[in-house]
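Below you'll find the structure I mean.
For clarity, chains are labelled A, B, C and D in written order, and residue numbers in each chain start from 1.
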Amino acid sequence: MNEWIAVGVFAVVAASIPAVMVSASRLLRPSVPEKGKETVYESGEVPTGGTRLNFNIQYYMVALLFVVFDIETVLIFPWTVVYQDAVGAAGLGSALAPMLVFIAVLVVGLGWAWRTGVIRWVSSANTEFNT
Amino acid sequence: MADVTTAVTAIPLVPFAAFLVALLVGHYKPAALPKGGALAGIAATAVSLALSVWAFLTVGAGGATLSRVWTWVPAANDSFALTFGVLVDPLSALMVVIVSGVSLLVHVFSLGYMNDEGEGGLPRYYAGLGLFTASMLAFALASNLLQAFVFFELVGFCSWWLIGHWFREPGPASAAKKAFLVTRFGDYFLLVGLVGVLGTFGTAAFAGDASFPALAHAALEGEASVNTFGVDPATWFTTLGLLILGGVIGKSAQFPLQTWLPDAMEGPTPVSALIHAATMVAAGVYLVARLYGFYALTPTVLTVIALVGGFTALFAATMALVKREIKQVLAYSTISQYGYIMLGLGSGGYVAGVFHLLTHATFKALLFLGAGAVIIAMHHDEDMWKMGGLKERMPTVYWAFLSGSLALAGIVPFAGFWSKDAVLHHALTVGLGGQPLVLLAYLMGLVAVAFTGFYTFRMVFLTFHGEPRSETARDAGPASANMRVPVAILGVLAAVVGLVNVDPLKGVVGEHLLFLERWLNGPLPGLAGPTAEHYHELVVDVAGFHTVAVSPTVSAVVSLVVALAGVALAWTWYNVPEPSEKTDVLGPTKTLLYNNYYQDEFQTWLATGVVEPLADAVDVFDASVVDGVVNGVSSTSLVASDRLRRVQTGVVTTYTTQLVLGLVVLLLIVLLLGGWF
Amino acid sequence: MVPLQYYLLFSAAMFCIGVFGVLARRNALVYLMSVELMLNAANVVFVASSAHYGTISGQVFSLFTMALAAAEVAVGVGIVLVAYRNFKDIDITNPTSMRW
Amino acid sequence: MALPALTPQYVLGLAALLVLVVDAFTPTSRKNGLLAGLTALAGVTSAGAAAWLYAGGAGRTTLFDGALAVDASTSFFTAVFGCVAALVAVASYDYVREEPHQSAYYALVLLATAGMSVMAAANSLVTAFLALELVSLPAYALVAYLKRDAGSAEAGLKYFVVGALSSAILVYGISLVYAATGVFGFAALADAVAGNAHVTVLGAGVVMLIGGFAFKTASVPFHFWAPEAYEGAPAPVSAFLSSASKAAGFVLAFRVFLLAFPLAAFEALGIPWTLVFAVLAVVTMTLGNVAAATQTNVKRMLAYSSIGHAGYALIGLAALSGPTSSDVAVVGASFSHLFVYGFTNTGAFLVVALAERWGVGRTFEDYAGLARSAPVASAVLAVLLFSLAGLPVGGGFWTKYALFLGAVQSGLWWLAAVGVVNSALSLFYYSRLVKAVWVDAPDETGVARERPTGIYAAVVVAAVVTVALLVAPDVVFSWADAAARALVSA
């Protein structure tokens, strides 16, 4: 257990340094509230519009497709790791076929989404950036 | 040849098909239905008759069968199964022949009675006949009490249907209702008995080693145990027997539930023939015969059956003495004759009872069809005092009717003589053998014989002899062919059918000529139980009905003499050109008889004077206490409902909160049980 | 080697934070995040137990959980969008037309 | 012919893909009839294949290293799912005719059905979980299918919110069970739980599993989604979820608790989970029926009654007592109840679908006098409702009787008593609807109603099967018994 004490101490120290610094500066600094300090920081540009703006809904669709396919790689990745051993142990067919089926199912889904226009970017003025 | 079970199952199904045809085609395309469905019905009953005869012959060749056709509810959780099946043994084979035969003749007769008279609602009528026949056949072939009950009820329903055929008139409508309600009153007891049987034995099967009569016998012998709910088996079986008897008394119109039957004369006459001869009323006594293996175990119930039978025979006969309408006389004679059958069965005379059932079916069908022909000739005027002299105008009907009347009165050698004598002889031997109550029943039956002879021939003489006493009677023409033919066939049968069991001549002709007895004794390979011989052993050994040897011939002569005395009196009073009412000799009794002992009034009083106040009292209790509780419960649950559904606030976060709280409660329960705390 | 109990307590804490988020937050997207947290609490247990028992099945299950979480978010965001279209808000306590 | 044991599952999955492929090739044409027919055909085929497999009597087949196991209970419930999916597809033909994205609708129905049939074959918590989610995710989308309908959107949102929470609880429960045992397979779990040292973790995990199944079966306290989801969803989807999805939840619960968590082992650990189910059964049936009693919206009344029916089916888990024969009887009764309920309840919701299509409104008053203008549908409705109440007009009579009898025989007479009282109460609110339809006078007379072929056919089939199960229950009940036996004595 002993070695973990060091980690614990380290964590406490690490957490306390910023806390101490922030509270120290709060005690020391003069308080001058001013409107410029509350504006959004946009890399030095003058900010336009509010901070809360709605993105086009189609970003969500793309993002969703991305997330779904991204996660599929989570399942494909372990398979690639053991693929060589699996071919050796169970033969090419048994190692490859399940993943082909898996990919085929995904392809059907993607193909359907594509053909039915789910991922077609529709540009229309009023859905662009309605703030 | 087809498999027995299939063929036998078809016996009730064919008339059922005719029923469907009449019903559906009659509803959707009446024009396509020849003769309003009559032809379909005739064809169906003819097929049934052929199949029945074939089944009869098969049984004769040793082919009695018991088979399960359909399992309705399989046995689950160690309880009983509810099944439907067919039991083909000598009794049921005989019964299906009777039923399909009578039904065929009734269908043919109806061509003349209904079609030729231009009656309306023919598809409805023939559909009713078809279903009536089908249910009675299925009832006769039933392999267990549940199935029997189902078709028993269906028979009751069909008689409601047919009695109320002319439902637009108040008479038939109320008669139909009365028939339905009175028999239903009896059936209620049967239902309770059925539940009792199932609860006691776990089976309601009629035949076989695992049947309930066999189990009851074994239980009485101490060889098997059944659930008698803590009551002594003999007492319990008596209770069950009496409960089942309730249904029999209602259906077979025995005292005190006979009042529906005379009213049922409001229905078309062929229907009356069917009801009286082969279906509705016969169903009751048939059930007793079917359950004979059970009844034979309970002397008390047997005695009750005998007493009820004897009393009803006498009681109904007295009422028949004074009736003016031909069908009323026949109605009371039916009640009386079924009394005899009950007397026979109750005194242990299984063969005698079944024998009388057979002969009665023949001659009563005949008498009703004959009366129907007369009524048509009289243009639906049933008053016998307006008839007279019809002998010359409708000779075929007359001779056939005479044959039937002789049979009814019990004059040798006509059918009724043999069977009625068999019943009386059996009751006498048992009565003398130490059963005084049965002896009493016998005496009542014997007196009724004289009355029977009298009222039967009063009817014959008033209807057919003497001079016509009205215009209609003078102008009456012969009956049409499709009425004459069935009547003639039955007329011949009524004369000869008694010869199948010439009991009084036993000593003379030898046992081998007692066809019916041999038939019912008949060998039943593979079917333990339902033979007459077995029943006889049970009656003697278990019920303790011992007999004293009395010469059958002596008994026969006694009853014949009594019957002839009745006939003779009728002859002297009514076989004159100008008969007059002689009822005055009865004095005040006359009014009593005219009013059927005021039974209807009594029962009405019973209903309005006793039951109604009682019901009112119960109603007060019901309205205040029971309804109070029920309404309390229901309003509580409705209030609770109104509160409880507010839990569903519509705000989804309250759902998640309650869900998590519920989970926490469950976790606490389990962790408490698991001993975490 | 850290005992399994510690991981269990850690994951229980995660799970409870997730439950708190589920119960307290009304924004549909934050709700989804809280559910993710609950799922990941389960993943911690899977991985830790997998290591504890020396079997790999728990780790595989955690992969499935992740895939499921993604699918759930995909469907969930779709439904939230539908709700937004109808109610002009993604506050999950907003739609209350059906109740009692 | 020896079919592969997973034929029904393959059929359903491939049919779902086929629907998408067909739509991908012809995205612009309307092909509602084709897709509905394809879905119904797949449902019927899988049900037929299941019956064929059962008739083949192959016993128990384990596949994929014990991840799936096909036995009589699998085929029994797969038949239920296939039939319900077919009925729903046929009815949907009329219901979604005017809606966009029909291919998605039918594909989701098929995927959910496939998920259900895999649930019925699950033999490991991994496959159980995946299959359950394969049902849940399409179901969320189906409930929210009418995108422009506020009710549908609200229903979908609430269903999803409660569902996401429930599945998180389920996963956490699985993780706790795994932490206590280190295995996922049912058979291995049965060995591992016997005398397990980590009772607390295991117990908490099991309770959370119960929670996950309670969500799927709409049992208290995880039922909150049900009234809204059923009320707001398209009526065929309500029918699908309230009968097939519920049955799927039950078959999974039965498989897990009979195969993986043997009662005897848990009693030894001091956690008789039958008690938990008994409590849930009482609370569920009482809440469902009591809340249904004063509803004014027909669909919502059916939704609450469906919660009540989950309570009846829970008796099958609550009344287990140990002896094989009585356990088989009570589990078989529960299975038969779900079978009958599958048809009866689907039919009842589809009658509502019919009414929605006619636009008669949603409340009891709106249904007044429906029998004048639609006698067939009204007669069907009366038969279905009375069968749901347990009157002897449909198979529901036998199954309720068998369930209550089973409870009494296990000594849980109080459970049976509560069930009987609840049935009486249910008769009250079912009769209200029948009275409204048949007795009350309609607002307007002489309305001519169109006869949408699909929905009509589906409701009539549902009613005919319901009545047939009263007359000839043996066929189905013997199968249910075999299914129960496969699990109880496995």
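Criterion: a residue touches a chain if its C-beta (ideal position, glycine included) is under 8 Å from a C-beta of that chain, and two chains touch if they have at least 3 such contacts.
All figures in this text were calculated on a predicted structure; none of them were measured in a lab.
Steps from chain C to chain D, minimised over paths through touching chains, total 1. Taking each chain's centre as the average of its CA atoms, chain A and chain C sit 16 Å apart. Averaged Cα coordinates give chain A a centre that lies 37 Å from the centre of chain D.
Averaged C-alpha coordinates put the centre of chain A at 86 Å from the centre of chain B.
Chain B and chain C have Cα centroids lying 74 Å from one another. Shared interface positions of chain C, defined as residues touching 2 or more other chains, are 22, 60, 64, 71, 78, 92, 95, 97-99.
Contacts with at least two other chains are made by residues 645, 648, 650, 652, 656, 660 of chain B. Looking at chain D, one finds that residues 157-158, 161, 165, 169, 227-228 touch two or more other chains. Contacts between chains, counted with the stated touch criterion, involve the pairs A-C, A-D, B-C, B-D, C-D. Within the complex, the chain A residues that touch chain C are 57, 60, 64, 67-68, 70-72, 74-75, 78. Residues 60, 63-64, 66-67, 69-71, 73-74, 77-78, 81 of chain C touch chain A in their complex. Listing the residues of chain A that touch chain D in their complex gives 105, 108-109, 111-112, 114-117.
Residues 17, 20-21, 23-25, 27, 101, 103 of chain D are the ones touching chain A in the complex.
Interface residues of chain B, counted against chain C in their complex, comprise 645-646, 648-653, 656-657, 660.
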